């Protein structure tokens, strides 16, 4: 701590609060979605089976938010400075994520239609674009030759996600099932461990 | 840390908890509002378009809470001491902010009427007054010749916001659309970066 | 930090997490109550006036939770050690507090009847008893001759609150309005600053 | 702090954020359940009695989440390193816990039927299995010869809980009341203090 300038310590406190606020918002989003699940209408297997599509859509959205939380966490860990642009692009990202519960609720009842799947993909795309703006704002605030900028330069998964969400939004008008396959692909891609990347982040983990 | 008196360290822990509690409340408010958004009644473009006014009102309220979070965050960063008056004025601010979700919900269905727009403006005004009380309480607890007091002395945006919310509440009885223009103006004013002010806060950012 | 034994540092981390969890629960309770407020049924003054009793009950419950948050915060600040009894009595307190939103909702529609006011008082009493158990558990874990034990010994307001909630619960069967007067009295008693007590806690504040 | 390598400090920050996120999710789950409680339909004793089964189911679920919070807290306190597997198994645990509110709501209205009790037990079992995966992932990341691994080796209560939830799920098809007895047994087993275990964790507490 000795060689840290006071401003840096100050800004790190701000970073922690930005993280804490974003975590709270994402924690509430992830939990509120479960609250949109309706209990089965009766105590029968048929009534329970009736809720299964809703549960699967919920699981997809849970993974969606969980992945953002995980990535957001890794991203901010490498940051050391904030700026107004970081604050607002982060709020913009949270705005799009906050629409996921109501879209999940729509998708749960209308998963056979094109429009809800397309809107879901479009919001996924807008969230990805906001995340990209957040990354740019963080690099602008922290400098190009930093661990943050280097780790982001390798962000292939992020770019593939943007393409898959855009493709999923468009493909919904052919069949929403193509969209779901693409959305699930994004989730699986992020959850499956990638030892090379993980190692480059935490040399002593695993 | 060496020259810090124990009481100061103690009070800083309290400040952190005050921040954390306020952040949690604002995070829940911002997310719960999204939960008040109803999914479109059908999987059609018309049903989706039907939800657009609600979405715009939600975006306005999201910006409203987001701006308070951001300002609250900057305000408390400059503080070093607490008092009972700080605790209660902070709770009063959170009380008014907690009414925003239900007002958002009312506005979403009745945005063409004067009364909801006027009440929205009135609550915005009461929140601004509570924020002002919080600022006064913090200055009383921290002293007049401190970074906190100096940074607040320049708070032109805060004063303009109070005037615009009051004007918005009154103008709703002429037309609610004037109110919306004024409310959006407040949001834009805060979101648009102000390099001079930002620099005065974090000399090494951006 | 030099003279701290590792266990103490460890337990302080636990205390922080206990505080953070309790803060989150209280933050969600306070916000979720606002969500139980229904928007006025129409954009008229009469429809708005119709919601006023609900708003007043909400304000009472907001103060109720806010006061617990504030007291809980001061209580844990003086603590240095945890025990299983502290963990469970804290959860018990949160359990009773978590019933306040649904009681608020009941009271908002049935505030002229005795039973909801009596149950509200009873839950207030059970919360106060749980808080007392938490205080006892903290003293048992931290020792009798500590700042915690000394600060609690002066806790006159806590004892008066228990009596007023018990009286409020019983008086509801005469008239619920007596209960409301007593409940509001508790809130006012806590919110009005008490310079002597406040000074004894933070010698350099105010 | 002097002998800590920078990576360790870094990973400890991550651990704190993992804890904070999990705490937020569990805090919202525990509170949102209370929100599923319906206020009594009238201000009469009969209407209140009508809500009692729902309240008891809520108390059971509150204890269920509270116990997970407490155990999760003790588990992560002993950890020093993270891995991707830790992140995802933790999210999987939160996923199952997030289904408890909707199941509580189902159980509150259909507690006399077998299916809701069986599904409740099954989700309890899946949560326990996810917790076991989290424990394994933490041991893999932290090493076998660490306080974490040693404390987990004694985890008899964890194993008994898995068996009781599995038995509870199966027994529901004979009578749901057997399930409830088993579920309550799990809660009581965890809440009743176990001085030997508690001491092995915090040598200087109590």
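So that you can tell them apart, the chains are marked A, B, C and D in the order they are listed, and the count of residues begins at 1 in each.
By definition in this document, a residue touches a chain if its C-beta (ideal position, glycine included) is under 8 Å from a C-beta of that chain, and two chains touch if they have at least 3 such contacts.
Just so you know, these numbers come straight off a predicted model, no measurement behind them.
At the subunit B-subunit C interface, residue numbers used by both copies make up under half of all numbers present, so the two copies contact each other through mostly different positions.
Of all chains, the one whose mean C-alpha position sits at the greatest distance from that of subunit B is D. As a whole-number value, the distance joining the C-alpha centres of subunit B and subunit D reads 35 Å. The geometric centre of subunit A is 25 Å away from that of subunit B, both derived from CA atoms.
Subunit C has residues 20, 24, 27-28, 32, 35 in contact with two or more other chains.
The residues of subunit C lying in touch with subunit B in their complex are 19-20, 23-24, 26-28, 30-35, 37-40, 42-45, 48, 59, 62-63, 66, 69-70, 73, 77, 191, 193-194, 198, 202-206.
Residues 5, 7-8, 10-11, 13-14, 17, 20-21, 24-25, 27-29, 32, 35-36, 81-85, 87-88, 91, 94-95, 98-99, 101-103, 105-106, 109-110, 113-116, 119, 140-141 of subunit A are the ones touching subunit B in the complex.
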